[in-house]
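The chains carry the letters A, B and C, assigned in the order they are written, with residues numbered from 1 in each.
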Amino acid sequence: MTDVLTPPATVSPSLSDPARAVRRKAVLRWIAVHALGVAAALFFVLPFVFVLFTSLMSDNQALTRALWPHPFVWHNYVTVFRTPGFLTWWKNSLIYAGAGTALTVVSSIPVAYALAKFRFRGRNLSLMMVVATMMLPPQVIVVPMYLFWANQLHLTGTLWPLIIPMAFGDAFTIFLLRQFLVTIPNEYVDAARVDGCGELRTLLRVVLPMAKPAVAAVALFQFFYCWNDYFGPQIYASENPAAWTLSYGLESFKGAHQTSWNLTMAATMLVMAPVIIVFFFAQKAFVEGVTLTGVKG
Amino acid sequence: MSRLTRLCSFVAAAASISLLAGACTGQSGGQADDDPTKDVTVNFWHAWSQPNELKAINSDIAAFEKVHPNIHVHVVPNVNDDKINQALRTGGSDSPDVVSSFTTDNVGKFCSSGALADLGPLLKKSGIDPAKTFPKPMLDYTAYQGTRCTLPLLGDAYGLYYNKDAFKAAGISAPPRTMSEFKADAVKLTRSQGDSYAQLGFMPDFHGYESTPAHYVAQWSPTYFDAQGRSQTAKDPAFTKMFAFQKDLVNSLGGFTKLEKYRNTFGDEFGAKNPFHTGQVAMATDGEWRLGMARDAGVKFPIGVAPMPVPDDQANTYGKGYITGTIVGVAAHSAKQNAAWELVKFLTTDTNAVVDFSNAIHNVPSTLDALKSPKLVSDPNFKTFLDIAQNPNSNTTPASPNGGQYQVTLQDFAYSYEAGKATDLPTGLRGVDQQVDRDIAQTK
Amino acid sequence: MTPLTLRAKRRRSALVTLGFLAPWIIGFSVFFAYPLISTVYFSFMHYDGFRPPTWNGTRNWSYVFTQYPFFWPALRNTMWLVLVMVTTRVVFGLGIGLLITKIKTGTGLFRTAFYLPYLAPPVAATMAFAFLLNPGTGPVNHLLGDIGLPQPGWFNDPSWSKPALTLLALWGIGDLMVIFMAALLDVPKEQYEAAELDGAGPWQRFRFVTLPNISPIVMFAVVTGVIQTMQYYTQPIVAGKVASGIIGNAGQQFEPGYPEKSTLTLPQLVYNLGFQRFDTGSACVIALILFALAMAFTALLMRRRGGLIQAGD
């Protein structure tokens, strides 16, 4: 796209010497760039490969220098699934990520729309507050929040303290959606209003269909955020093993005295797998989402 | 149903910012006036997680439910102290009535803050005299400043493991009894190889898994706190002597840098490639559980076990060691304290229960009767640990109102001292004392 | 229109606006404003979760600044991470972004390979690296040993633990790669052509064309990197737990920072004080320090003209 570096198929004999030199330089550059690419790819891919192979080794082999499993112990994955609690962690992660994503998206869309398309006093201030909360580490408010959930509502040790706040908008989601909605020309919105649509109808019928890719992107982000979240479950759910999520449970998996690397790596694979599968199905939405994070200013 | 009411109260609460003052602190009254003969379910949280351990504790509980058919036990396994601490503060119907922890570190916190109920009155009511029931060292680590809020539920004792083949090859006939013999043997067992080792006699670094400052210093019978509860590691010569000995041992085995480099080649402590299993070290200090782990790992050489050696000037106390253990107590906010107490009483004092549990998970039994029981499966190696546990000079790290914090402080200093980052021992130990005192003051 | 209906209309539209914003307003008050005020309140109280809170004056503040042994190491580590981890991440991300724009064969494959690690759940990624970098039995040190290089202690050595975390952060470079890639493709081609006509070499083209064009993005990457560093929690705490062998091991309580405080970060202090020591007051002091730092850098980010916040109509 930016310059012409396609590999030359054949070198035409009629080329003059300078042209050949240019060609040769191009070939060399192609080789250099792709060699570098392969080296980088190894850095990114090899850890996955090691983890996968180790997850298929026997307990003892995982500690040796061997790189290739011998024999392949597929049973490791069965063992992991049979670990008490593992299926519960899965279920909890799905509930947290599923409900969390749905609630976040539903509650954030109207807010983002208002911030993008309504004119009202304090709009800029509101937007700045959204950005500010987005940047805040969750640890800033966790102590009183924990006391609130624990002492007022007695809901710690459940998934509720993780899920309920999602029904009240998420700063990051609101911000990303707003960034996208701003780019929708006002004419569409105005036309709908002129046609007598109320704001809600305008949002649902006109704006949302145009914003589908952005909604998909923020939904994905939120799903991943919940799935990967470690701090939240550690604080609010950890005191009750029935409420552990995968990210949190995985950690306890390695602990219990002799649990070995091969099983730990099998469990690690199983935690990574859903994220990677989702990615392959939604690659495009993803990359679009990342570029939405405010770079296209 | 309760979830809905909770949600309503959530909305109501959200409406009132007056919540500020609302760090509701009331531990709604726990009491011991429930009727333990009624049908009741007791939540029991414990830390065991291995399949064989779970099987053992579950059969223990089944035995209890047989004796008390009206009390049902709901078990939550694999919880650590952070979670117990959190849950004891929150209360609620899912929170534990009986908690058990692998560490004694938090006994001071549990007792002084009132998180766990005082078991004194309950023991009295049941006609149990702790002094006649439990070994003294175990009684010490389960109470804090006269408040007995926990009881021992099996114990751990630390001793010296040695590789008998390596001993034979080095011409050593018996395990060392004094620290100077220990050092001589460690040197004899060490074979250097380039800038590493073919075999190391003993890994003396404080990071060397169980060779922690607290475990070392137990052999000098230290007193961590003075009568006013102030830290006195600088005043009690036990600490200074221990540090001097460790430094000397490190230097005679090749120096800190070389040892650390070697330590980095070790497998995980609780894995099959523990350096003692692999023969990388010929001696190691460890708890009685290592016997079972070594067996599971398929260790080839014969293993010998002895008490850790003692300082030369305390040779008459040979046989002592560092001990610790699992503790169990009743949550102060539990509304079922009598039923909970029945469970605790059964687990900790029923001789058969204690013996069976000990046999199943290879820990040291925690009552005097159980220690003497003919049913106790005991080979000579295990017997060594039983003796260490009962030795009157065996000791442990005392309870403190902020848990094991003071040990961490000492440990941190020990790391920088052995690494040469801190060189002045008396000043360093005074710094440790100050830090410990400040941390304790901050909890008050 | 009569003034009356106009006013009614205005009131109506104000209500509609309020209605749309309602989730956020509630969320902001309950899950942000209230706890923030409460955090300030608790920072002056002594509260251990059992006994009622009591007024503690500024004791928590002086404890944290002058006596709490974790505070300064955590701040120093954060500085280190800002200087080294953020910088290497930006440089590496830009490098990978450049590389991917130059790759012409199998672009999609390469892009996926480079991006995928970013998606690995932090706990899982950290566990994987703790295994790969295990000093005694990990494959990385095996390989290093084979080619005769020194074998560091990685997560077990206080001077190598932060570099190991940096390596882990570089592995998850996917986010920066995509951002830089998009920015690089946006650089007008004519500028490169003009530069080439002027006889500019590759380095000069990068220096005088690429960099000025993407400098806002570099700035964005740096500032968000710093903010992320303020939130750095999961990776260091999990790495410390796995490497120390204390992870989930119910017998021992894990003190964050292993080895030797070298992986402490401010968010971990909130956990240590608030949920391990139950010194609620001091935990809130750390939380407020964290708040101040994060806000300072966010202000920096928002001051950038035409940057983060895209102008509305």
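Quick note on the criterion: a residue touches a chain if its C-beta (ideal position, glycine included) is under 8 Å from a C-beta of that chain, and two chains touch if they have at least 3 such contacts.
Everything numeric here is computed off the predicted structure, so don't read it as measured data.
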**Prompt:** Where centres are the averaged C-alpha coordinates, which chain has the largest centre distance to chain C?
**Reply:** B
**Complete:** Closest to the centroid of all CA atoms, by its own CA mean, is chain C
**Message:** Of the chain pairs B-C and A-B, which one is connected by the greater count of C-beta contacts?
**Reply:** B-C
**Message:** With centres defined as the mean C-alpha position, give me the chain A-chain C separation in Å.
**Reply:** 15
**Complete:** Per the C-alpha centroid definition, the whole-Å distance linking chain B and chain C comes out as 37
**Asked** When the C-alpha atoms of chain A and chain B are each averaged to a single point, how far apart are the two points in Å?
**Response** 41
**Two or more partner chains touched - positions in chain C** = 26, 30, 34, 38, 42, 134, 137, 248-250, 275
**Prompt:** Where does chain A touch two or more other chains at once, residue-wise?
**Reply:** 63, 144, 147-148, 252, 255-257, 261
**Asked** For chain B, what residues touch not just one other chain but two or more?
**Response** 19, 23, 25, 49, 78-79, 82, 86, 89, 267, 270, 273
**Request:** In the complex, go through chain A and note every residue touching chain B.
**Result:** 59-60, 63, 84-85, 144, 147-148, 150-157, 160, 164, 238-241, 252, 255-258, 260-261
**Asked** Quick one: in the complex, what on chain C touches chain A?
**Response** 13-14, 16-17, 19-21, 23-24, 26-28, 30-32, 34-36, 38-39, 42, 96, 99-105, 110, 112-117, 119-125, 127-129, 131-132, 134, 137, 139, 142, 171, 175, 178-179, 182-185, 187, 189, 192, 216-217, 220, 227, 230-231, 233-234, 238, 241-242, 246-250, 266-267, 270-271, 274-275, 280, 283-284, 286-288, 290-291, 294-295, 297-298, 301-302, 306-313
**Prompt:** Where on chain B does chain A make contact in their complex?
**Reply:** 3, 6, 9-10, 13, 19, 22-25, 49-50, 54, 76-79, 82-83, 86-87, 89-95, 267, 270-273, 293, 296
**Complete:** Note: in the complex, chain C contacts chain B through residues 26, 29-30, 34, 37-38, 41-42, 47-53, 59, 63, 67, 69, 134-137, 151-153, 156-157, 245, 248-255, 259-261, 275-279, 282
**Asked** Quick one: in the complex, what on chain A touches chain C?
**Response** 1-3, 5-7, 30, 33-34, 36-37, 40-41, 43-45, 47-48, 50-51, 54, 62-65, 67, 107-108, 110-111, 113-120, 123, 126-133, 135-148, 165, 167-169, 174, 179, 182-183, 186, 198-199, 224, 227-228, 230-231, 234-235, 246-248, 250-257, 261, 264-265, 268, 271-272, 275-276, 279, 283, 287, 290-291, 293-297
